[in-house]
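In C-alpha cells below, several structures.
There are two complexes below, and they share subunit A, which is joined by subunit B in the first and by subunit C in the second.
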Partner chain A sequence: MKRWNFTPYHQQIDEGLAILGTPLPEHDTQWPEWEVFVQAKRGGPHVNVGAVHAPDPEMALLLAKENFIRREPCVNLWIVNTEDIHATASEDDALFQYTFDRTYRNTTGFKLDKPTAE
Partner chain B sequence: MTDQQTTALSTMLLCLADDEYIIGHRMSEWTGQGPIIEEDIAFSSMAQDELGHALGFYTLLHELGADDPDTLVFTRDASAYRNSIFTEQPRGDYAWSMMRQFLYDGAETERLGALATSAFEPLRDLAVRMLQEERYHWMHNATFVRRLALGTEESRLRMQSALTEAFPFALGLFEPYDGEELLVAAGIAPAEDHLRRRWLDRMCPLLEEYGLKVPAHRDGDNWRVDAAPVLGGRQGRHTEHLLGILDAMHVLRSADPDAVNW
Partner chain C sequence: MTDDELLARFEARIDRGEKIEPGDWMPERYRSGLIRMISQHAHSEIIGALPEGAWIPYAPTLKRKMTLIAKVQDEVGHGQMLYRAAETLGITREEMIDQLLTGKATYSNVFNYPAETWADVALIGWLIDGAAIVNQTKLLLGSYGPYARAMERICFEEGFHLKQGYDAICVLMAGTPSQRAMVQDALNRWWWPIMMFQGPRDKDSVHSAELLRWKVKIKTNDELRQEFLTKFVPKILAFGLVIPDPELRFHEETKEWTFTEPDWDEFKRVIRGGGPMNKERLGVRRLAHESGRWVREALDAFVREGRAA
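Moving on to the complex of A and B:
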C-alpha cells in the first residue's frame, strides 16, 4: 500500500489521482445553500441569521451550529433549503407602501387601565 | 490529598493540558485554509475549544502550586512538555487532521467521562463542563469521518491512509505517566489501560462500520491491537515536530518577555 507523507492538502490531490489511475469526475464543490434560523429562547421566533453551503440537511445543521452560534444564545436550530423559500420580488417593495392614513387601524386609541397590584 | 498524590495529579494534569494545547495549535493551522469556508470556521472554533480546555487544566495545575499558565506555555523546553507524540504531528492533509480529531476526541470523551466521577472535586467539575463541548466535537468528527470513509474512492483511500498512519500514534494517548497508580487507587483518575480498552471498544466497531480496516482485531470481548504504540511523550521524549511548534509559539515571548499588552 502506498504510504502518504505529511504534506498539505492541495499537494496531495495529484498524488491521489495518480494512485487511482483514473480521472475523477469533475468536482462540484458548490453545494446547495441552506438558510439558518436560530431560536434564542423557547417559545420565541426562529430568526434568519444567514446561510451555509452544505451537501444535505445533516451537514447544514452541523456547520450552521458552529458558524452562527459560537457565542449567541440558542435552544433550537432550523435550516431550510434556500430554493424552498418563496419571496416577493425585491424591486416590488411598492406592494407594501401605504398611501392612505391608516392610523385608524392601530389600537393606540384604546386606553387600557393597568391592573392594580394587590 | 497526600504530597505524592498532588505530585501525581500535577503530572497527569500537565499531560492533559499539553495534549489540548498542542492539538489546539495544530488545528489552528487550518484557519483560513480549510476545504470550505463553513468547515474552516467550525474547525477553527473547535481549535479554540481545545485551547480553552488547555487553559482549564493549566489553571487547575497552577492552583496545585505550578507556575501560571502563560509561564508554563511560553517558557518550557520540549523535554518538559508531556503531550503525546500524536498531538504534535503535523496537520497532514484534511483526512489526516480529521482522523486525528476523531481518534483524539474519542479518547477525550472517554477520559472526561471517567474524570466526571473523580474523587477530586475541582477536576470533576472541569470535566463535566468540558464534556458539554465534546458532544459537538464528537458529532462533527464522526459525521465527517463517516461521510469521507463512505464517500468517493479518493476520500476512502485518504481516510484509510490516515487511519493506518494515525492509529499507532493515537495509542500513545494512553501511555502511563508517573504516579498513575496512586491516582487510580485514590479514585482521582482512571487507569490508562482501562481508558484504552474503552476507547478501542468505542472506535474500532465504528471505524469498521465506516468500511475502514482497523489495525486491531477482535479477541473474545476485547480488541487486540496489531500496531506498536508510539510512546515517549508522557516522559518528555518528543519528535522534531514539537520543536517547530514551540519555536513558533515562543518567538514573541523571547523577543520581549514583558510583552503583555498587544
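Moving on to the complex of A and C:
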C-alpha cells in the first residue's frame, strides 16, 4: 500500500505507533459540563441544544459556538453549569396531573355568546 | 414499587412511544446496552474523522478542501455530542476516551481500512455516510431522549455529508476514463467493508432482541442492510459502475436482496484489532491526545490559579 509521508498526518503515524500502548496518566482532565442555550433570533427564546465540557464559562461559550453554531442562525448564546440546574424528577408524572377539571382557566371553559341565566 | 412493576412501567412508556430520560428508572441491561452503543458510535465519529482528515491537504479544489474540513469538523462535533449523551447514563467522557485509547473500546470496522485515493474520499462521503444515515434516521426514533436528541442534529449534518460525497462522485464519473476507473477501484475495495457496516447477521447478533423491544435499536442489522441496498444499488448502477458481487440481485416476490455474504471472519478479526489500519488509527489518535495535553493542563492551571495571577 502506498504510504505518503509529506503531510502532518503521515509524519505522525510512526510517532503515534511508538507511544501506542504506553500507559495513560491516572487522571486526565474531566471538565465540568455546561448546558448550551441558543437564541436563534432577537426576541425569541433561548433553547437548550446540548452541552459541552469546559474548564470555565469563557471556554464553554467558545466551545458551544464551535460545536453548535456551525450553520444555524444565532444571535445570543447562554451557557449554564449543568450542576446549577434543579429539576423535578422526570418520572414524577403525578406532579403535573390536575386533580380536577381546569377548563375554567382557559377560553374553552366559556361557551356563552348571549345573555343567559346560569 | 418492585422491580417488576418498575419494569412494566418502563416498558409501557416505551410502548406508548415516549422517551426515557436520564433520571428515570431503567433496567441495567438497557443502561449498559446504551452505553456500549452510544460510546461505540462516538468513537466511530472520532476515528472516522482520521481517514478523511488525512486527505485535507490533497483535496483537488479549494471548495472540496473547505467542504472536507467542514465534514471532518462535523464528525468530531458528533463525537463530542455522543460522549455527552452517553455520560447521562453514568459513565464519564474521560473513561470512554481511555477505553478508546487503550484499545478496549470498539468502533466501526469500516474506519480500519485505508483511504488510498481521492475517489475513496468521495465514496466514503457518499456510501458510508449513506449507510450511516440509513442507520441513524432509525436511531432518531429510539427510546432514549438524550441519544435521540443528539441524532436529530447529527442526521441534519450527515445529510450534507452524503450530498457532498455524491456530488464529488458525479464530477469524477463525468471525468476522464482514469477518473471513472478510480471510482470503480474504490468501489471494488470498499464494497465488502460497506456490506459489513450494519453489523453481523441477525442470526449471529447477540444483543438484538431485547434492545429492539426497548427501542434501543429500531431495525435489525439485516433489515438495515436490505434498506441500504434498496436505496443505493440503483444509484450505483446508474453511474455505470459494477458492483463486485455477481450474486447480488433483487427478488420482486420477496422484495429482498440476496448477495454473497461478506467475510464475517474478517469482520471479527478487524474488530479485535487485526484490520489493516487499526494500529495506525489508534496511534494517531493517541498522539493527538498527548499533543493536546499541555493545552488542557494550561487551561486547568489558568482556571485554578485565576486569570489575574
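We adopt the following convention: the second predicted complex is superposed on the first by the 78 of 118 C-alpha atoms of A that agree within 3 Å, B and C clash if a C-alpha of one lies under 4 Å from a C-alpha of the other, contacts with A are read in each partner's own complex, and residues count from 1 in each chain.
To be clear about the criterion, a contact is a pair of C-beta atoms (placed from the backbone, for glycine too) under 8 Å apart; a residue touches a chain by one contact, two chains touch by 3 or more.
Please read all numbers here as calculations on a predicted model, not as lab measurements.
Colleague: Touch test for A:90: subunit B only (first), subunit C only (second), both, or neither?
Modeller: second
Colleague: Classify the contacts of A:65 with the two partner chains as first (subunit B alone), second (subunit C alone), both, or neither.
Modeller: Only subunit B; A:65 stays clear of subunit C.
Colleague: Contact-wise, after the overlay, does A:46 reach subunit B, subunit C, both or neither (first, second, both, neither)?
Modeller: A:46 contacts neither subunit B nor subunit C.
Colleague: So, A:33: does it touch subunit B (first), subunit C (second), both, or neither?
Modeller: Second partner only.
Colleague: Look at the residues of subunit A and decide whether subunit B or subunit C touches more of them.
Modeller: So, of the two partners, C touches more residues of subunit A.
Colleague: On subunit A, what residues does subunit B touch that subunit C touches as well?
Modeller: Residues common to the subunit A contacts of subunit C and of subunit B are 1-2, 7-9, 12, 16-17, 19-20, 24, 29, 52-53, 59, 66-67, 70, listed in rising order.
Colleague: In their complex, what parts of subunit A are in touch with subunit C?
Modeller: It comes out as residues 1-2, 7-10, 12-13, 15-21, 24, 28-30, 33, 49-53, 55-56, 59, 66-68, 70-71, 87, 89-91.
Colleague: Okay, in this complex, where on subunit C does subunit A touch?
Modeller: Listed in rising order, the residues of subunit C that touch subunit A are 21-25, 50, 53-54, 57-58, 70, 73-74, 77, 80-81, 84, 87, 92-94, 97-98, 101-103, 114, 116, 149-150, 153, 157, 276, 279-280, 282-288, 290, 293, 296-297, 299-300, 302-303.
Colleague: Per the contact definition, I'd like the list of subunit A residues that touch subunit B in the complex.
Modeller: Residue positions touching the partner: 1-4, 6-9, 12, 16-17, 19-20, 24, 29, 31, 52-54, 58-59, 62-63, 65-67, 70.
Colleague: Write out the stretch or stretches of subunit B touching subunit A in their complex.
Modeller: Going through subunit B, the ones touching subunit A are 33, 35-39, 41-42, 45-46, 89-94, 96, 136, 139-140, 143, 147, 152-154, 157-158, 161, 164-165.
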